[in-house]
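Shared chain: chain A. Partners: chain B in the first complex, chain C in the second.
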Partner chain A sequence: MATWQLEREARDRRIRAGSAVARGKMVEAGDATRLLEAILRPGDRVCLEGDNQKQADLLSAALLAVDPAKVNNLHMVQSGVVLPEHLDLFERGVAKKLDYAYSGPQSARIATMLFGGKIELGAVHTYLELFARYFIDLTPNVALIAAVSADRDGNLYTGPNTEDTPTVVEATAFKDGIVVAQVNAIVDQVPRVDIPADRVHFVIATERPFFVEPLFTRDPAAITEGQILTAMLAIKGIYAPYGVERLNHGIGFSTAAIELLLPTFGEKLGLKGKIANRFALNPHPALIPAIESGWVTQIHSFGSEVGMEDYIRARSDIYFTGSDGSLRSNRALCQTAGLYACDMFIGSTLQIDLQGNSSTVTTSRIAGFGGAPNMGADARGRRHPSKAWLTAGQEAVAGGNALLRRGRKLVVQIGETFGENNVPLFVENLDALELAEKLKLDLAPVMIYGDDVTHIVTEEGIANLLLCRSSDEREQAIRGIAGYTDVGRRRDPKQVARLRERGVIRRPEDLGIDPLDADRNMLAARSIKDLVRWSGGLYVPPSQFRNW
Partner chain B sequence: MEDLSLRHATREPAGGTEAIAIVGVVASGNLEVLVERVLTDRECLVEIRTTAHGFDDVWTAVVADFVERYSPGGLKFSINDGGARPDTVSLRLAQAVRLMERAR
Partner chain C sequence: MSTTPLQPLTAPATVTSWYEASARTRTRLLLDPGSFVEFIGPEKREVSPHLKVFDLPEQFDDGIVVGCGSLGGAKVLIAAQEGRFMGGAFGEVHGAKLTGLLRGARDIGSMPVLILFDTGGVRLQEANAGELAIAEIMRAVIEARCAGVKVVGLIGGRSGCYGGGGLIAACCSSLAVSEQGRIAVSGPEVIETNRGTEEFDSRDRALVWRTMGGKHRRLLGAADAFVDDTVQAFRDAALALLGEAGGFGLEILTKEQARLEARLRDFGTCADALDIWSAMGISHADAVSSLPADEFITLADAFGRISHDAR
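And now, the complex of A and B:
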């Protein structure tokens, strides 16, 4: 007789084995490694929750301590490879294969280990892509997740940094997998139920709260005049003419400058209510002055930001909050929102080539993709119109029947021609190519493909790639705003002049902007302390951002 | 330290009557520009002292574009550079010209 419930039976056997070290669902922190040895099998697919911000740090330490004779060759399927322990697992032989999305702080070591054959790489994904594969071919057998608190039944409160947890649990718990949660506290009643108890099999209370990093705080004091100039160009040359209302901002200083110029420069241009009012965005502190000035209607977030908790709670008209009043974030849904419901992505990058391909890879680092490719890509399945989307579509394909013309998402790269340490933003060839050859990858890790990029903004002006009709035009448009970099100095001045006449390149003076007006006094807040003041004391910056 | 001296003929004299001005700061990634109205109407001199080596052709290009755009006749610029990026150099030079244009 055929058996159709082998997975369920296997799950139940794992739960019984784990129960030997638990009281009900509750496991002592000191028994975490024993629990993992009881429930894990060699070769299991394991999601060790490493999000962009929050980390299941106790569970990673516990997993690292297992006996490799019992638990080995695990296939790690997690969005963030962030903690050193995440890679130590491979050194010890506990884990063998890796599928992931982002490796920020471990980007140098992961490259070394891949090159040295210590890690068998599945693929590097975008967030949405990895989440999608959780439901098709990378479904975890065991998920090790992090939450703020649990009640005695195992209902979980994930707090403002819910992030990836609902997606990870959905894929694991509903496909006969095991969910283990580390929580900062066991309470009688959780403030709200983010994960229902019947999806959680074991709960471990930790002695110290899980690790959260403030990744999205940009100190206004560090914003340069060059960044202010690029921000002015973007607002007047892109936000205004396309009427961009729904958007996602990257995390660099140029977009922080835009956020801080809305209530000043944007106000002067009469753009309030016409641009930048709905965001898929983490709670950036730099957006506080725009929110307080009435620019912003609504924000949905991938995760939270340290120090913004009280402000968010007090501004529930703007943010998504739970019955307890605190932020509810959700990375998978916010990525979907950014992909389908936003008309623009604007962000910075490290390298742009002559066709507009961009990458944050350097030869020795693999930082992964995170979410930028989902934000910075045209959604081919989109069907609802908007002014910005239709205008961009019209520029890309002039002529034809307007009723049959696709719109286009605005994908804007913004940056200064020279980045930190005088490293040029523009290159003839991306370092990503060299890396792909070195590691024998099938694909070079390109963050945003050139054919998705619609505009590039530097202090030299705006290149509108939608209006380019050949790869040669594209190349000269990019060279034309590449300033004194080698790429810029190899421009064809005549062709660049013609592109400027056609409005493909627009210089600051073409937009009525005097570079000498790019002054720090234009920023609505010039320091973290100014942001605290704007928030009425509700924003409580982490200590590394305080100098008072 | 590296020293560079770039001399240009200009189309016309710089505006204003200010005799001397100073802009910027000597700091890493920044620069200080001292500008003096000490030359004849149709000449301009830019003297650079920089901590960064090997950027002569970038300096030459930045200064040539600046002279073409602002025609700063009569002005001598003394730059003390802390490794500023070309866009910062252009901005400081333009700011220096604007300061010289002030009425006394």
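And now, the complex of A and C:
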């Protein structure tokens, strides 16, 4: 007779084995490694929770300490490869295969290990893509997650940094997997239930709170006049004419400049209430002046940001908060919101090629994709109209029946022609191609494909790629705003002049912007301390951002 | 700290921040309107002879503005470093312009000198010339002071006052500093590189500021005046410091030595600035960092160490 509950029986055996080192669901921190040795089997798919912000760091250390004779060849399926331990697992033979989305600080080492054959790579994903695969072909056998607190039944409070946890637990717990949570504290009653107890099998209280990186804090003091100029061009040349109300911002300094120009430059242009009022966005401190000036109606967040907790709590009209008053973030849902309910993504990148493909990969680094490709892509399944979406669609395909014309999401790349350390933003060929050949990848790691990009903004002006009718025009439009980079100097001046006449390229003077007006005095806040003052003292920046 | 006594901000600031301003803006707004006359201005194109060897951009004034003008109606000589060019670092030309200004002050004997420091120290690309320049400038400061000239340093720029700049500042008659200003010889990254993160975590900016920042320097007596981060506040402080008596000679140096010995005796075992502030008798040492300028000045006047008979 066929058996249809093998997985459930296997799960129950694992729970019984784990219970030997637990009291109920509670496991001592010192027994974490023994617990993992009891519940893990060689070759298991494991999600070790970690993304660009929070990390289940105690569980990473515990997993690294297992006996590789008992636990080996694991298939790691996780958002972030961020801690050194995440890669040490492969050095020790505990893990063998990897599917992931983001590897910021480990980007150089991961490239070395891939090249040296230490890691068998499944694929590099976007967050939403990896989450999707959790439900189809990368379902974890075991999830090792991080929460703020647990009650004695195992109900979890994941707090402002809830992030990936609900998705990871959903995929694991409802498909006969085991969920182990590290928590900062065991309490009598959790402030709110983010994860119900019946989805949690073991709980470990840690001595140190789980690690959280303040990744989205940009110090206004570091914003340059060049970035302010690009921000002015974007506001006047894109936000205003398309009437962009719903959007996502990247984490670069140019978009921080935009956030800080809304209450000054934006106000002067009379744009308040007409642009930038609903965001899929982490709680960027740089947005505080715009919020306080009444620009922003609503923000849904992927994660939280260290230091913003009290401010968010006090501004619940703007943010999503739980019954306890603190932020509830959810990466999967916010990514979905960014994909389907936003009319624009604007962000920075490291390299843009002649067709507008962009990449943050350099020859020796694989930083992963995170959320940008999803934010920066047209959603082909979208059906609801908006002014910005329809206008962009009309520019892309002139003529035809308007009732049958798709809209387009605005996908904007913003940056200076020469970036950090005077490295040119524009290149003939992406370094990603060289890397793909070196590592024999099927796909070059392209962050945003050129056919999704609608505009590129530099201090030289705006290139509107929607209006380009051939790949040759596209190339000249990009060269035309590439300034004195090699790419820019190889432009065809006549063709660039014609593109400018057609409005494909718009220079600062075409938009009535004097580059000399781009001054730091235009920023609503020029320092972290200014942000603290705008927040009425509610924003409490972490120590590394305080120059007082 | 969940609450902060900072003034709430409800509109973009309108006053000119010293920290934000360029060397030229600081000079123009510090002096009486229209009074500044530049020596060896950018039109002379006295650029560094070393930077082009490294394929680095030059600046026509080599990152320092020198000249004369009037302050409150009285003639002064002035030098302002541009912290945004090579971190305000001392190179050969940069240093020679300041040395020449100070020697001129010595020869004139009646015009005080204002030095608007904004520097990371010696320019690595012209290290020997830069180190020599520091020595020459220190000698020139002392010679000017021997001739009865007051040399007042103003510190509140982006690059702070580090390396040789810190040594020169210590030779001045008096110093005014803002919260953003930092005064030290070895910078945070240098200490961390040589002694490790445990000794000094350069990324912990709150630690950097409470160790080297303006508030700590004022409380320790290393700076004579603390000012808010506005050009106007620096102007007021410069006028006040120039008005105070400040001689120079063996007697002053003996007192300065005694002041420094007492400082070492009293605070030599403190591991953190917070311990020093507590040892001074400040009851809420951990609140000092977030005090607004006016409240801090009141506190510093009550607890801070300054001996106008020293230096």
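We take it that the second predicted complex is superposed on the first by the 548 of 548 C-alpha atoms of A that agree within 3 Å, B and C clash if a C-alpha of one lies under 4 Å from a C-alpha of the other, contacts with A are read in each partner's own complex, and residues count from 1 in each chain.
Simple rule for what comes next: contacts are C-beta pairs under 8 Å (C-beta built on N, C-alpha and C of every residue); 3 or more make two chains touch, one makes a residue touch a chain.
Given the structure is predicted, the values throughout are model-derived calculations rather than measurements.
Asks: After aligning the two structures on chain A, examine chain B and chain C and state clash or fit.
Replies: clash
Asks: Answer with first, second, both or neither: which of chain B and chain C does A:Arg498 touch in the superposed model?
Replies: After superposing on A, A:Arg498 lies clear of both chain B and chain C.
Asks: In the superposed arrangement, does A:Lys274 touch chain B (first), chain C (second), both or neither?
Replies: Neither partner.
Asks: Contact-wise, after the overlay, does A:Arg133 reach chain B, chain C, both or neither (first, second, both, neither)?
Replies: The answer is neither, since A:Arg133 touches no partner chain.
Asks: Contact-wise, after the overlay, does A:Arg533 reach chain B, chain C, both or neither (first, second, both, neither)?
Replies: Only chain C is touched by A:Arg533; chain B is not.
Asks: Kindly classify A:Lys97 by the partners it touches after superposition: chain B alone (first), chain C alone (second), both, or neither?
Replies: A:Lys97 contacts neither chain B nor chain C.
Asks: Is A:Pro263 touching the first partner chain B, the second partner chain C, both, or neither of them?
Replies: So A:Pro263 only meets chain C here.
Asks: More residues of chain A are touched by which chain, chain B or chain C?
Replies: Per-residue touch count on chain A favours C.
Asks: Does chain B (first) or chain C (second) touch A:Lys387, or do both, or does neither?
Replies: The answer is neither, since A:Lys387 touches no partner chain.
Asks: Once the structures are superposed on A, label A:Arg507 by its partner contacts, choosing first (chain B), second (chain C), both or neither.
Replies: neither
Asks: If the two structures are placed on top of each other, which part of chain C overlaps chain B: 21-29, 57-65 or 273-281?
Replies: That would be 57-65, the only stretch with clashing C-alpha atoms.
Asks: For chain A, which residues belong to both interfaces, chain B and chain C?
Replies: Comparing the two interfaces on chain A, one with chain B and one with chain C, no residues are shared.
Asks: Once bound in the complex, which stretches of chain B touch chain A?
Replies: On the chain B side, the touching residues are 52, 58, 61-62, 83, 85-88, 90-91, 94-95, 98.
Asks: Within the complex, which stretch of chain C touches chain A?
Replies: Per the stated touch rule, the residues are 1-10, 12-13, 17, 19-20, 158, 179-180, 203-209, 213, 215, 289-290.
Asks: If you look only at chain A, which of its residues touch chain C in the complex?
Replies: Touch residues, chain A against chain C: 221, 263-264, 289, 292, 310, 520-527, 529-530, 532-534, 536-537, 540, 543-548.
Asks: With touch defined as at the start, can you tell me which chain A residues reach chain B in the complex?
Replies: Going through chain A, the ones touching chain B are 224-226, 416-418, 422, 459-460, 483-484, 489, 515-516, 518.
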